[in-house]
Each structure stands twice: as structure tokens, then as C-alpha cells.
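Reviewing the structure listed below.
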Amino acid sequence: MRRAIYPGSFDPVTNGHLDVIERARKLFDEVIVAVAQNDQKRPLFSLEERLDFLREVTGGIEGVMIAPMRGLLVDFAVKQNARAIVRGLRAVSDFEFEFQMALMNRKLESEVETMFLMPKEDYTYLSSRIVKEIARLGGDVHEFVPPCVVESFRKKLKL
Amino acid sequence: MRRAIYPGSFDPVTNGHLDVIERARKLFDEVIVAVAQNDQKRPLFSLEERLDFLREVTGGIEGVMIAPMRGLLVDFAVKQNARAIVRGLRAVSDFEFEFQMALMNRKLESEVETMFLMPKEDYTYLSSRIVKEIARLGGDVHEFVPPCVVESFRKKLKL
Amino acid sequence: MRRAIYPGSFDPVTNGHLDVIERARKLFDEVIVAVAQNDQKRPLFSLEERLDFLREVTGGIEGVMIAPMRGLLVDFAVKQNARAIVRGLRAVSDFEFEFQMALMNRKLESEVETMFLMPKEDYTYLSSRIVKEIARLGGDVHEFVPPCVVESFRKKLKL
Amino acid sequence: MRRAIYPGSFDPVTNGHLDVIERARKLFDEVIVAVAQNDQKRPLFSLEERLDFLREVTGGIEGVMIAPMRGLLVDFAVKQNARAIVRGLRAVSDFEFEFQMALMNRKLESEVETMFLMPKEDYTYLSSRIVKEIARLGGDVHEFVPPCVVESFRKKLKL
Amino acid sequence: MRRAIYPGSFDPVTNGHLDVIERARKLFDEVIVAVAQNDQKRPLFSLEERLDFLREVTGGIEGVMIAPMRGLLVDFAVKQNARAIVRGLRAVSDFEFEFQMALMNRKLESEVETMFLMPKEDYTYLSSRIVKEIARLGGDVHEFVPPCVVESFRKKLKL
Amino acid sequence: MRRAIYPGSFDPVTNGHLDVIERARKLFDEVIVAVAQNDQKRPLFSLEERLDFLREVTGGIEGVMIAPMRGLLVDFAVKQNARAIVRGLRAVSDFEFEFQMALMNRKLESEVETMFLMPKEDYTYLSSRIVKEIARLGGDVHEFVPPCVVESFRKKLKL
């Protein structure tokens, strides 16, 4: 059985993330979506909220699991017996940072391979950061994130 | 009559911004310079100061107006009856971020087109951020920003 | 009246080019599509064929004209009394080359401004070169180019 | 059983290509190395030579097959019942071209996913083109390509 | 005698920095490693700690000096009678920022030239930021930084 | 004595090349401008013409020598007892190619260091290729190349 890790902050999950999860699932028997705690970055949504969003929106996809992640990504991957880390690539700036992280992770643990997938081109413009900014400015984000996230934005930002 | 919006933080306005305003003015009957409040980014200059700098330095250019902007850029553009958003491009990293914003804005409001202009090559190195850093370190910024901004830096940073 | 030039080889015109023409037309009263002869690059389609494709596909758009171009782009723009050159930007590599050309053109003729527009994100992958390669390998290109070009490919490549 | 295609010109195969083949093999049960004929690019080595090099150097790896490829890559992938196309990424310029090709291939055939792997960082500088240039200038290439290719360069370039 | 400045935050010094120092030393008679105070960025290590790390690890290299730097880099270079600023380049994003800084520094002081060196490709993935993140997550950083830094991380992060 | 090599095709030398030569000369006692024969690229100007242009325009600069180069750059550098290869960087696409070449050269000969300098920002748009294209289209190139090259273009292109 082949298992991959799809790591991220998912603050919050977007439709672009879901697209990558589904593509990864076609290539691996199991995909573990690993949610980094990231306290330093002061996420808008708590770890529990971010895990709940992901559990709700991936509920219908067999072979997809959601898990919180503490510590180093490669340690998590080894513990989960995963042979691949999956990352989505949208743009050149993504590419550079992802490349650097992938090389570092390979240095830390050579048995885990990082692979990159392209989200649908409709999602090129999409990131958690940009979605949060639009929501803060009162824009409508229902095309960009799942309904449960739209609802949560409404409460959180008192819109 | 054709009207364009030139949005930004302008914290503070630089000679590169002025160059883009003048280029945009040649292509449109009216250019509205829209100053984003951006409280989250903790600007060095207050919204009122930033508006004043722009009013002073564009005072002599017919067809250029200065306005504060709250909320989404595309909503502002529609309200102002503008058909274009103008952005300056200096470097690849600009390009990627600007592209992402432009695609997102098109998604939010398809009737407003984003267009990109190149500032004079002498201003390739210029940004509000770099000017603020030089001023903080005691450097002379009078070649990079209008006189009223130089004066304000002096007071603000107690140089 | 504001007039812009949209220059290129158009060997052949793609749906991405048409998208840029329509966007440019919304910002200017007239758009002149200028087809460079480019004998050095050995185009697949003759200048006359390339002009014919463009005339056919832009036939219904008021204010769009098609013209062959010899010599320097900026000389052509000045002769046509155009104040802007329009270029489509899709990717970072586009950006660098276009930037270099635009700076050079500004040096040669400071009165003509180059502006960049973004084609629809569905056309990010699209270029005349890639369409020709797919057609040569027997692939179906009807989603990427207008019907008259599909027909011409069929005859030219004896498919 | 999961099968991937690793396509290229392999004119000639380098140690960087071999590194990607081995990484891909860890993620898939079978990897088909598909050698494009590419007559237009006038390869230095004939299709038969390029296939022979690959057969020799991958001889010991179970689950790796070598095959010539004519026509469109996605048609080949579908015929071979492969669910993934594997590509190596070394640099930003790679990234842009590969991205464009991958989006186009997805448009032509949505069931085949393109994924990107990173070769060992020691191979960042390595490409078939650069190896050919060094060999032509009389440089020693034995660190960059397998022994059978070194030998063939010697004969071909009469060194 | 030719003297160069190698400026940075060095929070903390990595093996990649050391590699650049040694390369610079081969090209210049003296290399002054200038440590920026950078209070705004809230460094993990104090200026005194960062200077101590550098003094310890460059102790054996003749012609290398360590110095704290306040104020503008070009003013420091002029005061030190240095004719060159040395910077390491690893990636495209480095390149853009470094280019912008170098152009600005040239504007501020035309007599000081910025030159770029490439660290060993093994250090492409390496940055002070990424090392700090790994250390915070409990990873082993002894391959990336000198022993004195490993020791200090241990105390600082109470690992 | 410190000696550097500045290699290129110089087909033909531009004002941007001259700018880099002068900057390199400030950092090294001697700069050897090495002109690659490059028969494969079918240069517009013969090797002898390219050498003559360079000899004429650098005639007044002490410590600058012009030499033809056959074979590998690093072999030439070692034979000339040079410890550095100097390259000009203008843009991201330059950067990637130059980086790859520099890493390869380091692999071939670790004792020769490649360093990068920035030409004046006015020359960002300038390349031998673009100058040739403008001259072919009948444009005036006297701002971009030395007078002897302008004259030679006139004869060569029968303008």
C-alpha cells in the first residue's frame, strides 16, 4: 500500500487544496492531510477548527485521513510510513520555497520523496492568505472555500 | 470618458509612483489614486498623511484625483465607474503577486480590467519599504521621494 | 480618439490572442493588430494567411483593424498615431522578454507607452508554438484556435 | 498496478535522468521511459542510439521499461494505461515550460496527471544540452553521463 | 590592498555563509564580515552572540575580520575603505531582492561595487530562517551550522 | 596580481559589455576579455571583427586585454592563470542560465570562481541579439553600441 502526506497550515482549507487532495488520491492508496499547528504564524482559525473543516469537506473521499502534525514533517512522514510528501505548485515563488523545503527535507530524511502536483488552473490565484484578506474586506468568498468555511468566516469576522 | 484606478498603500508615495501616475494619465482621461487604509500592515504614515502627500505632489496634474479606499478594490472601481485598474510592474516578484491579485479581482468583478505599466528603469530599485529602511538608517532619501515626504521623514524619525 | 497597437507574429492566431484583442478593445477606441512579417523565424503560415485568419476572426468586432508590419514596431506605432502598445502576459518568462522589449521601445520612442494585459487564465498554457507542435503530432487543436485555422492546419500538414 | 511515463528526448541520457528514473520507480510499480523521436530538433544521437543507452543503463532496474514514442504524449500514456507523467524540475525556467506543457496535456487528456520530482541537487547544473556542449569543446564528461555515452561521444565527435 | 565587505544578519551563521566567506577571501586580500544589528527583525540571537559565533568559526582564516554594523551599508563600506560588497546568491528570489538592494546601494554610493558569489550547491537549501525553524521543531541541525551554534540552539530553545 | 576572465560571444560588443569590463577592472589588476569563436551559433560578425571592435573600444583602458578563446572556458582560465570568471547579470533568465554554467564550470575546475556583476540599470534592456534585430529592421543603434560597430552594421546590412 502506498501512502502520501499532504502537509499545510490550511488556515483555512480552500477549493485549491481540495483539488490537490483529489489528484493525490488518484496516485496513492492513502493520503494523510497533515495540519501543522503553526502557533508562531498566529492562524486565524484554531487547529481544531482547521481539522474540522478538512474532516467535513473530505468526509466522502475514501482513503483520505486528516491528522494534526507537531514537530518535523519528515519525522511525521516516517512515523506514518509514508513514502511521499505531496505539495501543490501554482507559481514561480511557490516553486522556489517548495524546492528549498524539499531539498532540506531530503537532507533530513532521504527515504521520503517530495512530489509536486498542479492544481486546476482556475485555482492559480487562490491562497488561504488572499481568501482571508477578501473576507476581512467584506468580499464574498463562497466560490473559493467550502460552505463550512464561509459560515465560519461570517461568525469570526462578525460580518 | 475613460477612468482608471491606481491603488496602493503609498506609505509613502515615491518618485516611482508619480512616474506611473503620469504614464497612466496619458492613457486615460481620469486617474483616481486610491489609498488603501491597511491598518493591519501598521503603516508608518497615517492615512491622512499619505493622502496629503499625494494631493500635494499631484496638485498640478489635471485629471488626477486622490481618494481613500476602504473595502474591496473592485467594489471601489465599480462605484467610481472605472473600467481599469493600473499597476506598476518592476520585477518578477512583483509580477507574480500582481498577477494573482489581478486574476482574483477579475474573478470578483469581470468588468474591471487590470493593466500593467512599467515605471522608468531608474525606479526599478525603488519601493516604499526600501525608502523607509534607508531613512531609518539615516540615509538621504531626497532623490527617491518628493520634498514633502523628505520633510515628514525628518520629523517622524527625529533625524 | 485613443488607438493602441497589438503586435505579434500570429503564426497562427490563437484563442488567447483573441481574448487579448477583446480586452484591449474595451480600453481603447481602436486596436490595430500588427502582424510582423518575421521571415527570419520561418513562419509556418505566410504573412497573407496570417492576415486572413485575423481578418476572418475579428470581422465582427468594431474598431479592430488588421495590418501587416515591416520595420520597427515603434516607427509603426508613431505612423499609426497610436499612443500605446498592448502585450499579453502569461508567465514569468514572457514577463522578462516583454519587459526588455518594452524598455528598448521606450528608449527608441518615448511617446509610445507599452501596457500589459492578462489573458483569461484558461489560456495560460496557450501559445502559437505549442499549438503548432500539437497539430504536427496529430493532436486535435479545435479548442485552442479558431475554425479557419483548424481547417488550414489540416491542409498544410496533410492530416 | 500503478504505472508512470517518464518522457524526454534523452539526447543523451544523463546521470540526472537516471536519478529521476530511480526516484519515480520508488513511487510506481512500473516506469516507462518514453523516448521522443524529435526529428525537428535534429538530435545528436539517433533514436536507436538513445534507446540503446537507456536500455543499457537501466538494465538492472526491475519495473523500468524503455520505449520509443511517436505522436502525442497523452495518447501514448493512455495507450500504455499509465496514470501519471513524471517530469524532473531543476530550475525556474524548467518550471515554467513544464507547467505550460502539463496544463496543455491535462486539457488534452484529463485522466493523466503530471507530477514533478526533484533530481539530486548535485545534478542541478546538468542537462543534455550542456553535456553535448562540453563534449564538443573537448571537456571530460564522464562524471555527468554513463560510460556507454562517454564512449559514444568519443566516436561521434572523433575525439 | 583590496578589501571587501560581506554584510548580513547572521542570525545565526550557517555553513553556507562560511562557504561564501572562504570564496570571497580568495578574491580579496581582506574580507570584513559586517553584522547588521537589525533590532526591527527581532533576531533570535543577540548581536553579541552573532559576533561571537562568527569570531569563533572564522578564527583560523587570515584576512577575515568580524565587525558590528550600524547605519547604512554603503557608509560602512566607505568608512572601511572597501571597494566591494559581496553577497551570496542561491535562488531567483534571492536574486531579485539582492539586485534591488545593489542598485539602491550604487545609487547611494557609486564607488562601491556589489558582486555576487554562488555558495556550494549543497547549501542551496540553507538559510538562517530554515535552520531556526528546524531547531524549533526539534530537528538536528549539526550538518547545517557550526558546533558552537548547535550548542547555543540547545540552550536557547531548552532542547 | 589578480586576473579575471570576462568571456562572451560579443557579437557585437555593446555599451553594456563595456560597462561590465570597467566595473571588473576596478576589482582586478587585469581583465582578459575572452571572445568565444561560437561557429555553431553562426555569428553575424566574424571572430576577427569581434576582436577588432573590442580592441578598439577598450584601447584606452590599462590592464584590459582581448583574446580569442577556443575550447572550454575553465581550461582557458587556468592557462591564463586567472582566479575568477566575471559575468554580467541583468535579469532572472540570465541568472538561471549563468548559475547553471557557473556550477558546471566549478565542477570542471574548482579553483576558478565565477562572480557576477550588475551593469548600469540603463543597460538592463540591452543585449547583442536585440541590437542586431533593431539594426536589421532599420533602427538607429548608436546609443547602444560603440561607433565602430554602428559603422560596421551599416556596411554589413547595406543600410
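In this document, chain identifiers A, B, C, D, E and F correspond to the written order of the chains, with residue numbering beginning at 1 in each.
One rule holds for everything that comes next: a contact is a pair of C-beta atoms (placed from the backbone, for glycine too) under 8 Å apart; a residue touches a chain by one contact, two chains touch by 3 or more.
Given the structure is predicted, the values throughout are model-derived calculations rather than measurements.
Contact with chain A and chain F alike is made by B, C, D, E. Residues touching across the chain A-chain C interface largely coincide between the two copies, over half of the numbers being common to both. Chain D has its Cα centroid 33 Å from the Cα centroid of chain C. Chain C and chain E have centres, each the mean of its CA atoms, that are 47 Å apart. Touching two or more other chains at once are residues 92-93, 96, 99, 103, 121, 124-125 of chain D. Interchain contacts (touch definition given at top) occur between A-B, A-C, A-D, A-E, B-C, B-E, B-F, C-D, C-F, D-E, D-F, E-F.
Touching chain A in their complex are the following residues of chain D: 2, 23, 26-27, 83-84, 89, 92, 95-96, 99, 102-103, 106, 113-118, 121. On chain B, the positions that touch chain A within their shared complex are 40, 71-72, 75, 92-93, 96-97, 99-101, 103-104, 107-108.
On the chain A side of its complex with chain B, the touching residues are 91-93, 124-127, 130, 134, 136-140, 143.
By the touch criterion given at the top, residues 92, 121-122, 124-125 of chain C touch chain A in their complex.
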